[in-house]
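Residue numbering begins at 1 within each chain, and the chains themselves are lettered A, B, C, D and E in the order written.
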Amino acid sequence: MARTAKKRSVKAGLPPGTLVHIGEKTGEVPKIRIVTYSDKGSSVAEVEKPEDCPPLEKDTGGVTWVDIQGVTSPETMARLGEIYRLHPLLLEDIMNTDQRPKIDAYEDYLFLVIKTLSVNSAEKTLGAEQISLVLGRDFVLTFQECRSAILDPLVERLKTGAWRIGKSGADYLAYSLIDIIIDGYFSVLEQLGEWIDILEGEVVSSPTRKTLLSIQQLKREMIFLRRSVWPLREVAGSMERGESVFIQRATRVYLRDIYDHAVETIDTIETYRDMLSSMLDIYLSSVSNRLNEVMKVLTIISTIFIPLTFVAGLYGMNFEHMPELKWSWAYPAVLVLMALISACMVIYFKKKKWF
Amino acid sequence: MARTAKKRSVKAGLPPGTLVHIGEKTGEVPKIRIVTYSDKGSSVAEVEKPEDCPPLEKDTGGVTWVDIQGVTSPETMARLGEIYRLHPLLLEDIMNTDQRPKIDAYEDYLFLVIKTLSVNSAEKTLGAEQISLVLGRDFVLTFQECRSAILDPLVERLKTGAWRIGKSGADYLAYSLIDIIIDGYFSVLEQLGEWIDILEGEVVSSPTRKTLLSIQQLKREMIFLRRSVWPLREVAGSMERGESVFIQRATRVYLRDIYDHAVETIDTIETYRDMLSSMLDIYLSSVSNRLNEVMKVLTIISTIFIPLTFVAGLYGMNFEHMPELKWSWAYPAVLVLMALISACMVIYFKKKKWF
Amino acid sequence: MARTAKKRSVKAGLPPGTLVHIGEKTGEVPKIRIVTYSDKGSSVAEVEKPEDCPPLEKDTGGVTWVDIQGVTSPETMARLGEIYRLHPLLLEDIMNTDQRPKIDAYEDYLFLVIKTLSVNSAEKTLGAEQISLVLGRDFVLTFQECRSAILDPLVERLKTGAWRIGKSGADYLAYSLIDIIIDGYFSVLEQLGEWIDILEGEVVSSPTRKTLLSIQQLKREMIFLRRSVWPLREVAGSMERGESVFIQRATRVYLRDIYDHAVETIDTIETYRDMLSSMLDIYLSSVSNRLNEVMKVLTIISTIFIPLTFVAGLYGMNFEHMPELKWSWAYPAVLVLMALISACMVIYFKKKKWF
Amino acid sequence: MARTAKKRSVKAGLPPGTLVHIGEKTGEVPKIRIVTYSDKGSSVAEVEKPEDCPPLEKDTGGVTWVDIQGVTSPETMARLGEIYRLHPLLLEDIMNTDQRPKIDAYEDYLFLVIKTLSVNSAEKTLGAEQISLVLGRDFVLTFQECRSAILDPLVERLKTGAWRIGKSGADYLAYSLIDIIIDGYFSVLEQLGEWIDILEGEVVSSPTRKTLLSIQQLKREMIFLRRSVWPLREVAGSMERGESVFIQRATRVYLRDIYDHAVETIDTIETYRDMLSSMLDIYLSSVSNRLNEVMKVLTIISTIFIPLTFVAGLYGMNFEHMPELKWSWAYPAVLVLMALISACMVIYFKKKKWF
Amino acid sequence: MARTAKKRSVKAGLPPGTLVHIGEKTGEVPKIRIVTYSDKGSSVAEVEKPEDCPPLEKDTGGVTWVDIQGVTSPETMARLGEIYRLHPLLLEDIMNTDQRPKIDAYEDYLFLVIKTLSVNSAEKTLGAEQISLVLGRDFVLTFQECRSAILDPLVERLKTGAWRIGKSGADYLAYSLIDIIIDGYFSVLEQLGEWIDILEGEVVSSPTRKTLLSIQQLKREMIFLRRSVWPLREVAGSMERGESVFIQRATRVYLRDIYDHAVETIDTIETYRDMLSSMLDIYLSSVSNRLNEVMKVLTIISTIFIPLTFVAGLYGMNFEHMPELKWSWAYPAVLVLMALISACMVIYFKKKKWF
């Protein structure tokens, strides 16, 4: 997933409410699933065309959940918008899969945008898909960016009919959906935590330039992650404070749970960021340390041999009148002198703790 | 566009409300366009002099939009101020094109200052023009810093008469205007995103001092951009909260859309800033790394040859009593010794992982 | 204790309220202790199975405290939840020992999550155990992550019966419990302060790479500590503001005391973080300083001997026509020249204050 | 002007309300100017002694402005305090010219402290003088630290009598005074902007240690500037919100203008700070770059000549049995070998992009 | 004074309200001074034992001030607590001299904790003593950590009986006490300012490692200072907002003065911190600069002499067939060549601006 803004400009100049898909996948046929449940039981059906979606009836005593996977076709979206009387701006937001998580209160429903996160282990990057959720008095609509199995466990649980959502309304269903999505965040955080642990070992034992690039890439993923999760806190907080008529008192305690999860996720992200910053410091100091070590080797070798070479050069001069050259013990004496100079140097470096 | 404060001081000492143009372009004749529309239809006219602007009539059942392009002439502005009964401070703000985006509530109208952004691809800089917007009960005035085509799509849409602004009032027109301007921000962000992506590749593969200066320049443009966009959040937020009588309930949902766009723009700017900071870290560590590499080459060459040169110097001495010089196998032995010293050094460096 | 997120993902896809233990220790049999006291006296009992826990009776005039140590078994927790009518989400939070400190108001009780801290002196790391506290009108339940003696002093004080908790209600008992936990924080801070003092001496006198790693590790522990303590401020503040019916007016002055302690703990943590950052600066400048010193030694030796070696090399040339070679005073003159060059260099370095 | 705290301690131990001048200039005779205006006309007078100041009469239908320049004499201030019934703490604040800008509401008047800024172009420093302003229902008192002409344009405008302040009250006069002072800030910001632009050119093209010190000095002036301007935002905001009875509704729109100016000033200061920080980064990277360059030159020269010198040394050895020495083509062969070694090195450096 | 947390852990496990002295001095006999004043006059007395303290009588029409110096003895404190009916937690706070400044409202009095600051010029460190202040309707109690003369000027002023505190109540006395303490802060800030000025000169002209340690130590003192002063803002703000019945309306304007002083103190501390950070930057860049200089000297000397030494070595080779050796003008030609090489190098370095 690109980290810099893309494609949004195709909409410049178009009237507000024009439906244009902004995102990556196109051309996929949307999959539409309709789940209804009431005290009497539950049913799961799949329809082929948006035209086949049943309109919402009031006071049926049941809850209807329509799950649309794939939001790239403007026609489909316009059709669904008509059937469920959705505001044009809302449809625009659903199709623009580059949205920030948010909650908007409309007259007849609440509208939520949330991100599901996934990990690409090979490239060590994160991916995000957008799920839009419309919560009405007795219905929930979910719009997923593309086909995905993330909400399937909930469909299974609903199928059994024995689950206590049977006693609760659409708001509890919405909570269950959000809960599944946020539980997915923890897997992502664990994967990131593992990568950080590995990097940490690497940075202490044998840091290379590749380590630096990995740290920086992880930092960048954290920026991306934070951007996807941070607004969720606000969303959950606003829901919990119970400003909406679509959320019953009894469900609020569950929404508080979501708020807590969002806060914990953000907390962990901040901790990871701090840890990555610390690693960068260690890396940089490692580079300095290695430069130090290189310089020490050079300095030790140079300072030991340069004086010796000078002495050798001295007695390599061709002056005719150099009395030392004729003394028979001069050569061994010079060798001893050289040994002494070396010894002094070595002692000096030992004292300086250079080895 | 200059990034440091300019020209503002010409006003020091003048009484408040004195009209002085503060900005770049001067001497241009303003272009004035008058668009009216009601349930019955729409008309677009252009007038030559400010005197020809029709005064506002109340309860006509229609909406009037006067678009003035070019605000450099104090006389024109004073004339317009009289016709539309604008507060002197408001006129002063319009002519000072160095304003911060803001919203001011007057008794008879709302006053907004917004920036349109543009990209100078050649110099990799951003430009900003100021648009001032006065929103009354059934009229909208827009004052642009200079001639520009940015609002033309809206004029075209109004001309057709088929657009649903016909059913909405002046506040929806104002929203449409702001929407066009903010949509333009996304193009700018995409362009910036592209530059950042290119720079990122450069900083990882072959960073030069020019890369650093480019990073710094982009950072500077981000500061400028942020300063132009940040206050917009407040402006949109204040409009959405519906504190003004000039904005109808039905329009508020649209203003929330603008608020969301402003927040997203700011979010993206912050992300870009973080990415540029990371790049700076990578650049700096690259410089350190290269120094390390240079030093390693020097150290390897020096530490291999300095001892050898010493040995050569040793046997270049002219002592008469150096028995080795006469041994026939001495020369090859010394060569072997030198080879051994070199080998030791190479092994040492291999172990240190210096190559 | 791991610093990166762990194990949480086992819950992904499970329905909310499913009891799964998230934490480190498993398989331990929980220890359950029941303390009751009223104006007439106090009693302490221990039960083996959760089934033996007495249900709460209303209006007994006394206070019951049930202390459960070890929360790993879902069955036990479900059983306790039934006896004391605890909300499923609450039980979930208790078993997830990776919670952030928090306070949740339920209809029949207040629910608090707090951390107890401990120091592992050998590895210089911190540990945290979670204590969950349920405060009702006349009962207190405490759930500890594993067996620990931290609350024992309070049991001893209650046993004597002479303590003035006899006159106070369950809220005062809860306060006393929190007070004991927070008092433990100060020991941890003192231990950290000692380590920081030692590190500070080290970083000034003889910093090594190990010092750096210790600083970074302490910084990391501070991040962890802050994350455990920071939310407590909010918890204490919310209790003190008296938003709950379970806390009497008279107890609030004590809760203010807890709030003050939390603020002081956070203050101290921030101070330590600042100190560790300063140390890092000192360390890094030490590394630079040492590089400087190494380079100076190399430069001094090189610049003194390189010119001398050149002079020696000059008179080692084998040209036939070098008149100096024949002068009898040439050799001593060259030696004097070399001495002069050295002296100049030494004076130059003295002036530059290189030694 | 000193940037660190000074002289304030002379007041330690004295009772509150004791009048002691804290500031730089002393011994100057204060200049007192009295301006009155009403619907009938305006008059400007100058008095010599504070005793000659006319007491304030109520309901004269006019506005009186007393401008006192020079606040160093406790006697004068005490006298003025008596005439105009000023609170002792207010007098103390006026004489302590080291105040932070602030607004205090007293029962009979509003009290404002503002700073006027000036630029010392030679030393590239900023200066600040304090102006205290007392705003009553129909009078304004201004106390300037020393004689200055900053308010003279307003006196001139009042003299003409044709200015519309004639229709407005004391609050509009106060606004005009503050407006003049804040307009002066923009000149200061422009001057700073010019210095920053110059420094920026310098830091990119030829940074020296002097550049660094200039950047740091400007940063320091920004700290000082920010401290003088930042609280003004609060002051203007508090006035605009209209919490005082001394400010009429009609004047509030003007105060909003002042608030906007203050916010813009702060914005610009923050932008400058960011720009200076960027410059520091560029400077530091320049220093690193230059070190790199120096090292490269050393490394290139050394690694080319060290092996050559070794070869030359090799054949300078005095072994009797060195067959090569006798070959007639040996010398040219060695020269070719040396050329080859040099060429290899140069190619290696070219490949590494070291030139 | 230690900068890391100390001794607090002795209280872990003790019941809340247990009196234990936490601080540095012990064993001193407390000095108790009783000052009373009313419209009729004033009296100052000293008592030996806490038992001799007169109980507080209501409605005497006068104000009583009891000043206790030395709070180390639990018995004394318990006795005083009984006489003046002080809450056990309050007594605990007084004896724990490691408190954060704070204000607590009790039913019968306000409780304040403030710090007095002092400078240890020899070690360039700051010291802090705690003063606790209890303000009731007609009495003030002050508890000082140890004997000190800081409040003596107020006693002297009260003795004269002519001071206008005679007309004011206990709240004005409390204000006067706090005013004296805060006035003392300015002396400390001036002293710090002086040290900073000296360090600044040092860091620009001749920075050494000692300079760095001094900067770091001052930074550390700033952390300590900030921690002692920062909460005072909150304390003063809360008093000024007049939330307490113990503070009369007329006194509030004085408390605003204290608030202003606290804000100014904090402002100055922040400015100092910024200045110290700038100095650190300058220091670090100085170190880099010096390394640069050292490297330049090495590089200049090496690159000039290494080629010359090579040339000398070249003609020191012992090949039999080296025609140049026999040419009579060869030696002077080589000398000229060497001079040319040196000249080229020098010109190259001049162009690079290395000298």
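Here, a contact is a pair of C-beta atoms (placed from the backbone, for glycine too) under 8 Å apart; a residue touches a chain by one contact, two chains touch by 3 or more.
Being a predicted model, the structure only gives us computed values, none of them experimental.
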Shared interface partners, meaning chains that touch chain C and chain D: E
Type of chain D:chain E copy interface by residue overlap (half), same or different: different
Intercentroid distance (Cα basis), chain C paired with chain B, Å: 42
Distance between the centres, which are taken as Cα means, of chain C and chain A, whole angstrom: 26
Where chain B touches two or more other chains at once, by residue number: 288, 291, 295, 298, 302, 306, 309, 313, 316-318, 322
Overall pattern in which the protein chains touch one another (line/ring/star/complete/other): ring
Chain order, ring traversed from chain B with chain D following: B, D, E, C, A
Complex contact set, residues of chain C against chain A: 2-9, 11-16, 87, 89, 92-93, 99-100, 102, 104, 106, 209, 212-213, 216, 219-220, 223-224, 227, 280, 283-284, 287-288, 290-291, 294-295, 297-298, 301-302, 305-306, 308-309, 312-313, 315-318, 322, 324-331, 334
In the complex with chain C, residue positions of chain A that touch it: 153, 157, 163, 175-176, 179-180, 183-184, 186-187, 189-190, 192-194, 196-197, 204, 253-254, 256-257, 260, 263-264, 267-268, 271-272, 274-275, 278, 281-282, 285, 288-289, 291-292, 295-296, 298-299, 302-303, 306-307, 309-310, 313-314, 316-322, 354
